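Which chain is which? They are A, B and C, in the order written, and residues in each are numbered from 1.
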Amino acid sequence: MNSSRILTRLASPRTGGLLALAILIALLPLALPNRYFYDVAILVGLNAIVCVGLNLLIGYAGQISLGHAGFFGLGAYGSAILATRYGWPPLAALLATTVAVALLAFIVGRPILRLKGHYLAMATLGLGIIIFMVLTTEDKFTGGPDGISVVPFRIGAFALQGEHIWYWVVGVLLLLAVWLALNLIESPTGRALRALHSSEVGAEVVGINAAEHKLMVFVISAVFASVAGSLGAHYSGFVTPSKAAFLHSIELVTMVVFGGLASTYGAVVGAAVLTTLPQLLTSFEDYEMMVFGALMIGTMVFLPRGVVPSIARLLASRRKAVPDDKADGK
Amino acid sequence: MSAQFMQYLLTGLTVGAIYALVALGFSIIFNASHVINFAQGEFVMIGGMATVWLVAAGLPYLPAILLAIAAAALVGLALEKFAIEPARDASVVTLIIITIGASIFLRGLAMVVWDKGFHALKPFTGDTPIAIGGATILPQSLWVLGVTLVIVLALSWFFGRTLLGKAMLATSHNRLAAQLVGINVRMVLFLSFGLSAALGAIAGILIAPITATSYDVGIMLGLKGFAAAILGGLGSGIGAVVGGLVLGIAETMSAGYLSSAYKDAIAFVIILVVLFFMPSGLFGRRGGERV
Amino acid sequence: MSLLRVDGLEKKFGGVNAVEELSFEIRPGAVFSIIGPNGAGKTTLLNLLTGVYKPSAGRIEFDGHDLTGRAPHEYARHGIARTFQNLQIFFNMSALENVMVGRYMQERCGLMAALLHSPRLARAERACREDAAELMRYVGLQDYLSAASDAMPYGALKRLEIARALATRPKLMLLDEPAAGLNPTEVLELDDLIGKLTGRGVTVVLVEHNMRLVMGVSDHILVLDYGRKLAEGPAQAVRNDPRVIEAYLGSSATHDGSFGDAVAKAVAVGVEMHR
């Protein structure tokens, strides 16, 4: 391969972007002074994994979910209960939980995704809240509002404990999640999703089964959320129902929209900014809610496409000769 | 009819009336703008909290109530002006996030201006329970039912008989046509928010003596009011009222006879069931898509 | 042997019978036009023939398969493609990508293959791109190969929809008012394109108001009025049918003077063009 081809490949979101993200993840620890920062980074990573999946649903397929924290919570509690209460090996618990959540998403997704717009939003909201209420109420299993503690993640004799190890685990998994998402987006399936976002009937008449595609993305995004939830449970060592709360669902959607709809890296950026923001705002503790709410409104009013696509556009308009795939915003 | 059943019925009607008022607020805004205002519950909160605060500051009851309603209406107008209007043609997702953001903002504001505690409002006419058919009902509940009835009648007169009301109805049916006959649809939108906010505030003031109010009562009340609106058919006035009453009764009955732990879940189960099987609700318009 | 057969088709919307007791057949290789005054049910009929609407009654049989009540993507899978009166272009992608989406049915990859992005997929993508570019050139969009769809003029977008529909390798192509909004030169180009399509073996069904075009390209015409068949037959016969002329008097179709007059002119021009 000659140098110009290498450069073109580097400029593409998949190769170049992944490389940049990998480098960022590898070098970030140099800038993190203590365990607290590692903790924040890990939270960012976990949220980012959920957001990458959620972005496929909201940004690419054009649907919406105001209840995704429900899947995150189910993943967390599933792993927690199976591994802690029933002594399952954590890896088996993770897999079993993921399969169960995928199945739930598949079953519930069919009727829910027949709805559109506000109705879809409300149905997913209802689902998320029902999950939250079940987790809070069935305290025999879930420990009720106080939650339960979770055993560390063990593979054989090796236990994953401590911020440093988890940082790398989450970092690698985030790279994997982004890679999978980008692969999907750039495949014919990804094009089909974007088509159905733009015009569902237009997509249907070229042979795209809209219902099937929407369901597929819904399940995939639920799986991403569930896995992140399971990992988060093992990392923190405990789970509470707040992981499945409506507020968490809203935070996730805001991260996706803020970062940029139909932008995988945007989802990562959104997760990063909106996870760290509350930490920065602790000095404004009382005003935190106001700032967050104002931020949500402000972003939607002034940057409706989200941060990353807006920046990409700005850069694209500065440079006249730009390859086509930049303008599509990956 | 057993006394217990009567009790549940009365409680259910009271709570249902509140849901009906909140649902009406949702429907009015939805009709004017096709926006689902997630901040509706915060108007309820503002009504209650502001009244408590004004009364504590020394104002007599009635002026405090009126001022609180006015304040909520102003907040509603501000919401429309600063959050909804700039994003007029935005997508559903965007609008949803904006109103949720507004709700979070208002809650944060309430937390700062007032506090995080629970506050009770003195009942309008005392708190000696009245006996009806073996059950008891608080005088405040009678106020709730009475005021709600008056409001529903007033609204049907307003929308059916006054020019402004008819203009608002016209806008909800066909915005473009309304504009073409000279109706100022922006003003209609503006007023809808103000009106809905006032309705929410009244609900909040009515219920505050029965269930204490706090900076975050808006969340659940808003969501349940929304469930009632969906049940009745989003955009339908009758639907909002019927939906609210049905939801209230269903909640109390199931809490009483089945399990009280999942009382709050009833509303959300209803949302799912209605959306799956009867998306336009009991009284809503059935629409098809024209390609 | 008919390609498409419609029997007793009906579509009700509330109390309105948009389409009533409609039966007709389409032979392969023909250009079949559907005309009628506004509100006659032409677009409703197209929607029924592509699964976008489900019939209230009746039967639709395509290429020997009963497709009544199936979903739109199934109609597409059997080889029916269409364009839309109000364009359904995917404005969130480039022009080329719009056509590439049309190739979805040939390209379908499994979920695993998509997630893992096999090298086979990369090669298939390149082939897809080339094929799409070829189709764009075929319909005359060679100047827009690297254009964004939201930067294209209306006439080009109409042709883009045709390219996208062609990408599905259809046996039957339904064009919903393709000449609407086109200037006379563009209409002539459209006439040419329709000829190319039939040359390629695609049966074309045209819903149109532009009588010149209709008379020029059609082998067979179906006239609808109030959702019912008013007349059917070869172009000449339909033009002279007094019921058809009466239905159109005072309509807002795209011509001056009485219908019969305009039709006569159109037939003359059409005959002239095909000399």
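Convention: a residue touches a chain if its C-beta (ideal position, glycine included) is under 8 Å from a C-beta of that chain, and two chains touch if they have at least 3 such contacts.
Predicted, not measured: the structure shown is a model, and the values here were computed from it.
Participant: In terms of CA centroid distance, which chain is the most far removed from subunit C?
Facilitator: Result for max centroid distance from subunit C is chain B.
Participant: Taking each chain's centre as the average of its Cα atoms, which is closest to the average over all protein Cα atoms shown?
Facilitator: Per-chain C-alpha centroids compared to the overall one single out A.
Participant: Hey, how far is the Cα centre of subunit A from the one of subunit B, in Å?
Facilitator: 33
Participant: Any idea how many Å lie between the Cα centroids of subunit A and subunit C?
Facilitator: The computed centroid separation for subunit A versus subunit C comes out at 42 Å.
Participant: How far is the middle of subunit B from the middle of subunit C, if each middle is the mean of its Cα atoms, in Å?
Facilitator: That gives a centre separation of 49 Å.
Participant: Could you pull out the residues of subunit B that touch at least 2 other chains?
Facilitator: Residues 291 of subunit B touch two or more partner chains.
Participant: Multi-chain contacts in subunit A: which residues touch at least two other chains?
Facilitator: 201
Participant: At least two other chains touched by the same residue of subunit C: list those residues.
Facilitator: As it turns out, subunit C has residues touching two or more other chains at 52, 84.
Participant: Quick check: in the complex, which residue numbers of subunit B touch subunit A?
Facilitator: 34, 36, 82-83, 86-87, 90-98, 100-109, 111-112, 219, 223, 226-227, 230, 234, 261-262, 264-265, 268-269, 271-272, 275-276, 279, 291
Participant: For the complex, give me every residue of subunit A touching subunit B.
Facilitator: The contact residues of subunit A facing subunit B are 58, 64, 66, 111-112, 115, 117-119, 121-123, 125-127, 129-130, 133-134, 137, 201, 246, 250, 253-254, 257, 261, 286-297, 300-301, 304.
Participant: Provide the residue numbers of subunit C that touch subunit A in the complex, in ascending order.
Facilitator: 50-52, 71-73, 75-77, 81-82, 84, 88-94, 97, 100-105, 107-109, 111, 113-117, 121, 124-125, 128, 146, 148, 164-165, 167-168
Participant: Help me check something: in the complex, which residues belonging to subunit A touch subunit C?
Facilitator: Counting only subunit A, the residues touching subunit C are 14, 180, 183-184, 186-192, 194-195, 197-199, 201-211, 216, 262, 324, 327-328.
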